[in-house]
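You will see chain A twice below: alongside chain B first, and alongside chain C after that.
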Partner chain A sequence: MRIQISSRTLQSDFVKKVTEISGQDLLACNQCGKCSAGCPMCFAMDLLPNQIIRLAQLGLEEDIAASKTVWLCASCLTCTVRCPRGVDLGRVMEAIRLITLRKNIDYVGAAKIPKDTISELPQIALVSSFRKHTA
Partner chain B sequence: MKEKRIGVFVCHCGLNIAGTVDVEQVVEQIKDYPGVAHAEHYIYMCSDPGQELVRKAIKEKGLDGIIMSNCSPSLHQATFRKLAASEGVNPYFCEIANIREQCSWPHAGDKETATRKAVAIIKAIIEKLRRNISLTPLVVPLTKRVLVIGAGVAGMQAALDIADSGYEVVLVEQSPSIGGHTAQLSETFLTGDVIPGLVSPMMSKIASHPNISLYAYSELEDVSGYVGNFQVSIRRKATSVDESKCNYCGLCLESCPVKTASEFDRELAQRGAIYIPFLEALPQRPVIDRETCRHFGGDKCQACQEACPQNAIDFKQEDTIVEEEVGAIIVATGYELFPCTGIAEYASDPDVIDGLQFERLLSPSGPTSGEVRKPSDGKIPEQVVFLQCVGSRDPEHGVSYCSRVCCMYVAKHALLYKQAVPEGQAYVFYMDIRSDAKGYEEYVKKMVDEERVLYLRGRVSRIFRDGDKLKVWGSDTLTGKSIEIAADLVVLATAMVPNPGAKELARKLNIIVDQYGFITEAHIKLRPVETLTAGIYLAGTAQWPRDLPDTIASASGAASKILSLFSRRELLHEPTVAVVDPEVCRGCGQCVAICAFKAIELDPVKKVAWVNEAICDGCGACAVTCPSGAMQHRNWTARQFFEVIDIATAEYV
Partner chain C sequence: MDLSYYPGCTLKTAAKGLEDSAITSMNALGIRLVEIERWNCCGTVYSLAEDDLAHHLAPVRNLIRVKEQGSDRVVTLCSFCYHTLKRANLLVRNDGEKRKTLNDFMEEEVDYNGEVEVLHLLEVLRDEVGWEAITEKVKVPLQGLKVAPYYGCTLLRPQDVAIDEVERPTILHQMMKSLGAEAVDFPYATECCGSFQIVGNPDFINQRAWEILSSAIRCGAEAIVLTCPLCHFNLSQRQPELVKRYSDFQGMPVFYFTQLLAIALGIDPEVCHFELSYGDPFSLLKSRKVVS
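And now, the complex of A and B:
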C-alpha cells in the first residue's frame, strides 16, 4: 500500500492538536524504540508505542484510530522516564485518547460490560476505566 | 608630535564597495581633511597594480602614514602593513578603514547613506592614525622543548614525531605505565592488528628515545609563562620503590598479601598493592599503591620489603617535584567510559559488562587468556547481546553526542566472539550504523553476511537476571515487535567521555573545556589541533571521541604545528598591547582580575600593575576596567577612542 504525505498531512489539525494537548514535540522522537522495548502492555498491543508516535509524526490519524494501542496504554510512564530524547510519550498517548473522546466517542460502553466482569472488577478499576475510556 | 602626512586609498573591491559607495565622492570629501596629503581610489587595492599605486604615492608624496579603505583588517591588514614596511613606513602607521563589511554590504541599495558613512569611517581612522605611535614587534625567546600530557596513543605519537625531529620532549603520564586505553584492547577493527604488535613497539621507542624524558606515575603540578616560555612543575608520585636498586625480578609482586581489583583488567582480575599494571607495561617497574597497601594502612606488613633481594622497597619515599622549561604543550589526556550503572534499567550484574571489559576477555594476556568466559561462573556464553549507544545519543540520561567508535568496535566484538565461540549467536541492538571511513561499511556488512550476526534495529529498555540467564527486553522497530532474548552475556557499548581530571588540568593551563569536559579547540573547522591559548595544542580523544587512525592524525597534526612554530628562531608578538602608567596606577588590581590571559601582575612592593607584554593579547579589557585611567592600550588609547566616537556620532548629536 502507498500513502500520500505532503506538507498538508504533516501539519494537519490532528498533528497540531496532539502537539498542543500533549505539549510534546513529536519530531523530537528519533524512533529508537526504547519506549516499546520497556512497555509492560506491549504484549497486547497491535502497534508498538514507537509506531504510534511515528504515525503521529506523519499525520496518519486513521491508522492510529484503527489501533487499540492508545487504549491499552496503562499510563505507567515507563516510556516517559526511559526515553533518551525526553519525549513524554505517556502524554502523547493521553492526547490521542482525548482527541477521540472529545468527539464524544466512548471506547468502553458501560452498558456493554458483562455483569460478571463488573462484579469481578474492583471499583477503582471501573472508575479509572470510565475516566480514561469514556467521553 | 609631528603631524603625519597621510595617504588615503579607497578600494572599489569590484562592485562590492563601489556598487554602493560613491568612491569618487569619498575621495573628494577626504582629500582636504587635516593631515591628508594624498587621496585616490582604485578598482582593487590588494592587486599588484593597486599596491604599486600605494608605493608610488608613498615615494612621491613622502607619506608616513596610510589608510587603506577597503575590506576587513582580518583579510588584508597584514598585506598592507608589509607593503608599508617595505617602503620604510612604520607598519603601525598603516590602518584599515573597513568600508566593506561595515558599510557597503549592510547598506546595499542606499548609496547616499553608505557614502556618508564611508567618509565618517575614514575620518575617524584618520584621527586615530594621527595619534598612533611608531612601534616594532616584540621579540620573545623560544624554548624549543615540548611538554606532552598523557601517554596514550595520542601523546605517544605526538612525542615521537617531535622527538624524531630533533627536539626534546617531556612526557608526563599519570598512571604507572604508558600506553593508555589502547594497551587494553585485544586487536583493532578492520586491520586485526594485535595490540602487543601495535602498541608495544611504540612504547619501547618512547622509553628508549634519547630526546624523550618520560615521567610516568606523575602529574602536572603547576604551569606559568606563555608561548615559547612555559615553566612547568611536575609531581612525581612516590612509587615506594628505589629505581636505582630495583632489577625488576618481580619477587615483591608475589609476596604481597593484598588482592584488589586491577584497573587495567577493568576489575575482571586482581592485583597486589605492589604491582606492575600489565605484562608489557613500561616502565617495567613496580609501584606501591598506598591506598590499598597494608603497610600504609597502619599494619606492620612489609612482605615486599622482606622479599626484595635488592633492598629496593622504600616506604619512606616522598613525592618529588621537578621543574622543566618548555615552549609548547600538548594535552592528550584521552577518554574514559560512561559507567555501566549509568542507565538504571540495565541490571548491575557481573555478566553485564562494558566494551573495554570485553576487550580484556578477548585479549590473550587478559584474565581468561583470551577465552570468552562469563565473569559470573566462567562458562562459555552461547547467546551474547551487544548494545550500542549506551549513554550516547541520550541527552536525558547520558550525553547527547555520538561516541563515533562503538559501531565499529561492536562489529569487531561480534566477529571476535564468533571466532572464539563459532556455535554461539551474537545479537546487536543498534539505532543506526555509523561506519563512515575507508573500508568501515564493508567491515560491518561482513558481520551479517559472513558471521550471521543478527542486527536488531532498536534500543533495549530492560535487562534483568532470570536464573542463570539475563533477560534482555528490546524492540525491533523494523518489524514493530517487542523482543526478549535470554542472554548469557550482555556487552554495553558505553559512551566515551573525557578523562574526569581534564577539567582541573584545563584550569591550570588556562584553556577551555566544553560542557562535557572535552578540551575545546581554537576553531572546530580551521584550527582543530590548537587551543585558544597560544602554545597549547591538543591531540586524540581528549578533544572528542575518535578511533586510532583519527587519534594518530590529530596527534601528528599537533606535532607538525609545533614543528612549524619551532622553525623560527624567536617569536614575534604584536606590540599593540596594554601598558600601565606607573605614576597613575593606584594598585587596585581590577585589571588583574579581568584579564583572561593572566597577563597582569601586581608588583607587591611598588603596588602597581605590570603587564607581561608577551602574554597580553591586546584585547583591551583591562584598559576599560581601570578606574584611574592608568592602563592604556597602545595605539588604541582612550583619547583615540573618543576622537573616533566623536566623528562616528557627529551626525546624531
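And now, the complex of A and C:
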C-alpha cells in the first residue's frame, strides 16, 4: 500500500480530535502488534488494530474511514489490558467511531432491523449496539 | 443480612432465570437481595470518550438511589451493569473535576462522591459467603458434571474493575468445585463472544459463538457456565442458527452460574427459567443423574 504523509496529515485536526476524545498518546504505540494478536474480532477486520493506530499516528483519516475495523471492535478491552505501552486502544477505537457518529452518520440503522429480529434481541444487545453504532 | 441489589433491564426479561435463581439461592445462603427503588437502565456500555459525561449520568443516578436508600454497597448480577456502575463509580471517586460537573448538572439529586461500593454477586459468594460454606449447604452435588467456566469481558477488563486475575481467572472454577462439579479449562474462557455486534454483524458473531462452544466441547466440557446475559444470548439462545449453519455442531447446554447454584442447593428448578435457554439444559442434569 502506497501512502503519503506530510506535515498536513501529521498535524491534522483528525489527529488532534482522536487524541482529545480518547485521552491517549498515539505516539506511545511502538507497533509491537500485541493488540492485533489478541483481538477476538480481527478475523473479520480488513485492517488490524495496530494498523489503525499507525494510520491514526500519521493522520491518515481517509484510510481509516475506508476500513470497517473500528465498527467491528466489540470494546472487549483485551488490547487495552495487554498493551505494554499503556495505550488504551479501546478508547482510540471509540474516538474514531465518535468522529463519524457525531456527524450524524449511523453504522447500524435501527429502522432497518427486521421486526422479528428486534423482538428476539434482549435489551442488553439493542441498547449497547445503539450506544456504540448510532449517533 | 440484607444487600442492596441493582437488577438492570435484561434481568426482568430474557435473563429472568439469572435473577430468580440468584434471589432464591441467596435467601437459602442467608443473604436477602433487596431491589433498589426507582432504578434506571445503566446504559449497558461505559463511555470511553474523555469528553462524554452525559452517558455517565445513568449509572451515577443508580448509585445515588443506593445512597439515598441508606446503603453503602450494591450488588449486581449482570456483567454489563457491574462494569458500567463500577467504572462510573471509580470515575466519580478519582476525577474531582468531572465529579463536580456531574453533581452540578444533577442539581435535583443529592451530591454523589463515590460512597457506594459496587459488587458482583460472584464476589459476594467468594468473599462474604465463602466456598466452604456453600459446599456445606449443597444438597444436590453436581457430581460428574463437566462444565467449562466462560468469563467473558466485562468482569475482568480493564484491570481496575477486575473481580479476579485478568488473564487467568479462577472464581467460576472455584464456585463450580464448591458445588461438586468438575471445572473444565478451555482456551476461550476469557475471550469476547462478540457482544453487541450480534445486532450489526450477526454472521461474525455466529462464527465466534461456534468457535467458543466447539473449543469447550473439544476440551471435554458438556456444558458452559457463564454470568453475562449478552454472552448467554449469543452462546445459548442463538444456537438454533449455529446448528443450522455448522453441520458438526449439535448444540450445547449453557447455564447461568446462579442456575447451577440453585440446583445444587436443592431449590425448585422452576426459578431457573430453563425455558429461556436453547434446548433443555435441565435434561443434561437429569441424564447425568444429578437430579431425578
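Here are a few things to note about the model shown:
The definition used in the following text is that the second predicted complex is superposed on the first by the 132 of 135 C-alpha atoms of A that agree within 3 Å, B and C clash if a C-alpha of one lies under 4 Å from a C-alpha of the other, contacts with A are read in each partner's own complex, and residues count from 1 in each chain.
Note that a residue touches a chain if its C-beta (ideal position, glycine included) is under 8 Å from a C-beta of that chain, and two chains touch if they have at least 3 such contacts.
These numbers come from a predicted model, not from an experiment.
Placing chain B and chain C on a common chain A by superposition gives a fit, with no clash between them. Look at A:44: by the touch rule set out above, it reaches chain C but stays clear of chain B.
After superposition on the shared chain, chain A has more residues touched by C, the comparison being chain B against chain C. Using the contact criterion defined above for the overlaid structures, shared-chain residue A:108 touches chain C, although it does not reach chain B. In the superposition on chain A, A:83 makes contact with chain B only, while chain C stays out of contact range.
Touch criterion met: A:121 reaches chain C, while chain B stays clear of it. Look at A:65: by the touch rule set out above, it reaches neither chain B nor chain C. With the two structures brought together on chain A, the opening angle seen from the C-alpha centre of chain A toward chain B and chain C is 90°, to the nearest 10. Superposed on chain A, the gap between chain B and chain C at their nearest CA atoms measures out to 5 angstrom in whole units.
Contacts of chain A with chain B, set against its contacts with chain C after fitting on chain A, overlap at residues 43, 78. By the touch criterion given at the top, residues 20-23, 40-41, 43-44, 71-72, 74-78, 80-81, 88, 90-91, 93-95, 98, 107-108, 113, 120-129, 131-133 of chain A touch chain C in their complex.
Of all the residues in chain B, the ones that touch chain A in their complex are 345, 389, 393-398, 431, 457-462, 473-477, 480-483. Contact residues on chain C toward chain A in their complex (touch as defined above): 8-10, 13-15, 41, 43-45, 47-52, 55, 78, 80, 153, 157-159, 166-167, 191-192, 194-201, 204, 207-208, 229-230, 233, 237. Residues of chain A touching chain B in their complex: 30-39, 42-43, 47-48, 50-51, 78, 82-86.
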